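Think of it as A, B and C in the order they're written, each chain with its own count starting at 1.
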């Protein structure tokens, strides 16, 4: 009997998810033992044409990482949806847009402006990417950038979600174990739409720091603070920490070593909009009553949308800046 | 119907003050523009920013939050929490391209029916000036539509 | 009252009990100590500053317990650095002696199920209106001073006299609305002063036969037989001048006025708004009907019990019309002037109503709560403690062992602030759940055409 097929694809993402999968050490051998890798551009050479030639639903499971930023991304999402029985949104980008999704705060022109014209870029000829270019060898094409970043489930139906930027290796291993058990007939598939490889509470649940009643009278960035103490809650020390509103599952890796949580595991179960939860939590514990004094505390958060929606912007209720949404896709 | 833009505004009111102010405006036969649709909460402290985002994303052109005057909250000081959330929301929404005129916080006691009606009229006029928000619904995929067998 | 903890049915209150310096268990209240005490002090509390008491004294007639109190601030034994006098101890007939010079302040802890706040009011300090001359012109009195004067058991034995203690006034002016219905001081109507001023007018007329002038803005006499009393006072021949008094002075306008009147005459300057003319009325005595004000510490007291004060400072009841006795804190009730100015019948009714409400709770033994409450989904709560400081009713507590937050349903008043604040979405609010509010938003925006986003 032939082994079931496995695929992994990398859309608009940094590649960290791929590394995280390879980071599961010898567990990767279990993957190889139980699956036939049908398509995994980061690990082996298979052409899109070969995928197109496969029978529909011939791949048992596809781990899709990366957001939908370009026409190519969208094409591959549809293609892999068709060819796979189970499509897994793998990692923060595929689930909620992640860092690429932050680009949704500005229209396309703003993104190009920032990337090709801003003082940080040496580009004296003001070159801009073009979708087609006539080279001596023929026409070279570049997939066009869409107006906004979308998540996988905004484009196609998704069966399972594995959050994290990237998902923690021990969680990936656990998800693989479930898949292998299913293949062996030892376990049932989890209910469709389930979030795999994550906890049911928020990061604070796993955080080892001591917590007290919160009253924020000043918010600072980490570089503005003197030594942080190693025992108390970072938020109480005046550092913006997204832990309270971020799904657990990472063992509170960042806060436990003194870096604030930035929210990569997304919203807690049942929560519609992670940014709104963070916004309300932080605002509620600001220890001031006068508008001017409140503003002074809030000045410690120079980029509220980017802070509260660092990972979840593309999947939030508003999804993007109004001007970006108004553009032709 | 004239061609004048009629904004749709969702108003979140407090059970103890602004909701009664609106009621008083009604029983006193004070007219206010029908553009505002009110939702009663027990306190503006119940106002979850998610509600505001939801209202904007579902097509509201403006959101009004009306609570008890500072120091008069029925629950002692919960309207201050609403004030803080409002101030943070205004900042965040600006980055989404939602101008401050679209989110208004006002205080209205149960006795201030006339003032609350005026406040509503002012807001409707201000939102009319900034025009429709018309938040786009989920974009339609433009590359090939999924054909056949998605599992 | 120093501290209140717990919730309805289970309050623990800590009370600071000041020393009486008299043993309540032994003292028989015979009063020999009061008789023998050589120190005479002006009683600025019960006698409103126009009578005397001893350093050891009865707070007021019919006080409960009806035993004397020793005031260490005026007692020569304490003033002399704990030496001398001790007359009270010497003459005390009880065995053992009832006088306890070394009694200390005590802390009393009580477990109670309900609390009734009947903290009353403070008198408007008439000195705040300098043009009325109270505290500067001897024969300007407050209504409270007159009240004591008219009392047969009071310092003057019921005689209405000028500050010299003997001369009966021949003309008396009563000024209404002193510190009430005045945007410079208090906007509220003190509710009782009209009737009180009418009573004073009636008594003064009856006791002295003086000409009595009432200066009023409006006469407010709603209530059983109140207006009938007003008609009776009118029939008594009391003069009523509608107008707010501009000034009370003892300086004559010109030598002619000075020669017409005796030295020491007070002149009341007022615009008679019914007759449309300025009046200047010479009188022997002026009575200021000072208004009722909230207790000065009402905001702090309110905070102790988790209830709010209105901007004017009176406690806010649960509902001004439908539930004027209960407050937002379950098991705490207000009665009488603590919730706003009231006359005696209204205060008595409220007191009785509050007692009945409490009895109801005691009899029931259990409590039906408003269904609007917050509750924590424990498995989802991460123990981040964002919500812990948000509840003014102390309904939220942190369970250190399980590292989760709990909400006490008996203390929760259902405002929903913690529900809206929980970053994990772990607090649910019944009656106003996220789903319910979201459905309202969707419903209100549904039938509303929007430009579809098309490619």
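Basically, contacts are C-beta pairs under 8 Å (C-beta built on N, C-alpha and C of every residue); 3 or more make two chains touch, one makes a residue touch a chain.
Predicted, not measured: the structure shown is a model, and the values here were computed from it.
Engineer: Measuring between mean CA coordinates, which chain is farthest from chain C?
Structural biologist: A
Engineer: Name the chain with the Cα centroid closest to the overall protein Cα centroid.
Structural biologist: It is chain B that sits nearest the middle.
Engineer: Quick check: more C-beta contact pairs at B-C or at A-C?
Structural biologist: More C-beta contacts join the chains of B-C.
Engineer: Could you state the distance in Å from the CA-based centre of chain A to that of chain B?
Structural biologist: Distance between chain centres: 31 Å.
Engineer: Rounded to the nearest whole Å, what is the centre-to-centre distance of chain B and chain C, using the mean of the C-alpha atoms as each centre?
Structural biologist: 40
Engineer: What whole-number Å value describes the gap between the mean CA coordinates of chain A and chain C?
Structural biologist: For chain A versus chain C, the centre distance works out to 61 Å.
Engineer: Touching two or more other chains, which residues of chain A qualify?
Structural biologist: 272, 277, 280, 284, 325, 329 - these are the residues of chain A that touch more than one other chain.
Engineer: Among the residues of chain C, which are close enough to touch at least two other chains?
Structural biologist: 390, 417, 420-421, 434, 453, 455, in rising order.
Engineer: Which positions in chain B are in touch with at least two other chains?
Structural biologist: Answer for chain B, listing residues that touch two or more other chains: 48, 50, 54, 77, 81, 85, 136, 138-139, 142.
Engineer: Show which residues of chain A lie in contact with chain B when the two form their complex.
Structural biologist: Of all residues in chain A, those touching chain B are 56-57, 71, 74-75, 78, 81-82, 84-87, 105, 146-148, 150, 154-157, 159, 272-273, 275-277, 279-280, 282-284, 286, 288-289, 291, 294-295, 298, 301, 303-306, 308, 316-323, 325-326, 329.
Engineer: Could you pull out which chain B residues touch chain A in their complex?
Structural biologist: Checking each residue of chain B against chain A gives 48-50, 53-54, 56-57, 70, 77, 80-81, 83-85, 87-89, 91-92, 95-98, 133, 135-136, 138-139, 141-151.
Engineer: Per the contact definition, I'd like the list of chain B residues that touch chain C in the complex.
Structural biologist: 8, 10, 37, 39, 41-43, 45-48, 50-51, 54-55, 58-60, 69, 71-78, 81, 85, 134, 136-140, 142
Engineer: So in the complex, the part of chain C that touches chain A is made up of which residues?
Structural biologist: 379-390, 403, 417, 420-426, 434, 453, 455
Engineer: Taking the complex as given, what residues does chain A use to touch chain C?
Structural biologist: On the chain A side, the touching residues are 200-205, 211-215, 233, 243-245, 248, 267-272, 277-278, 280-281, 284-285, 325, 328-329.
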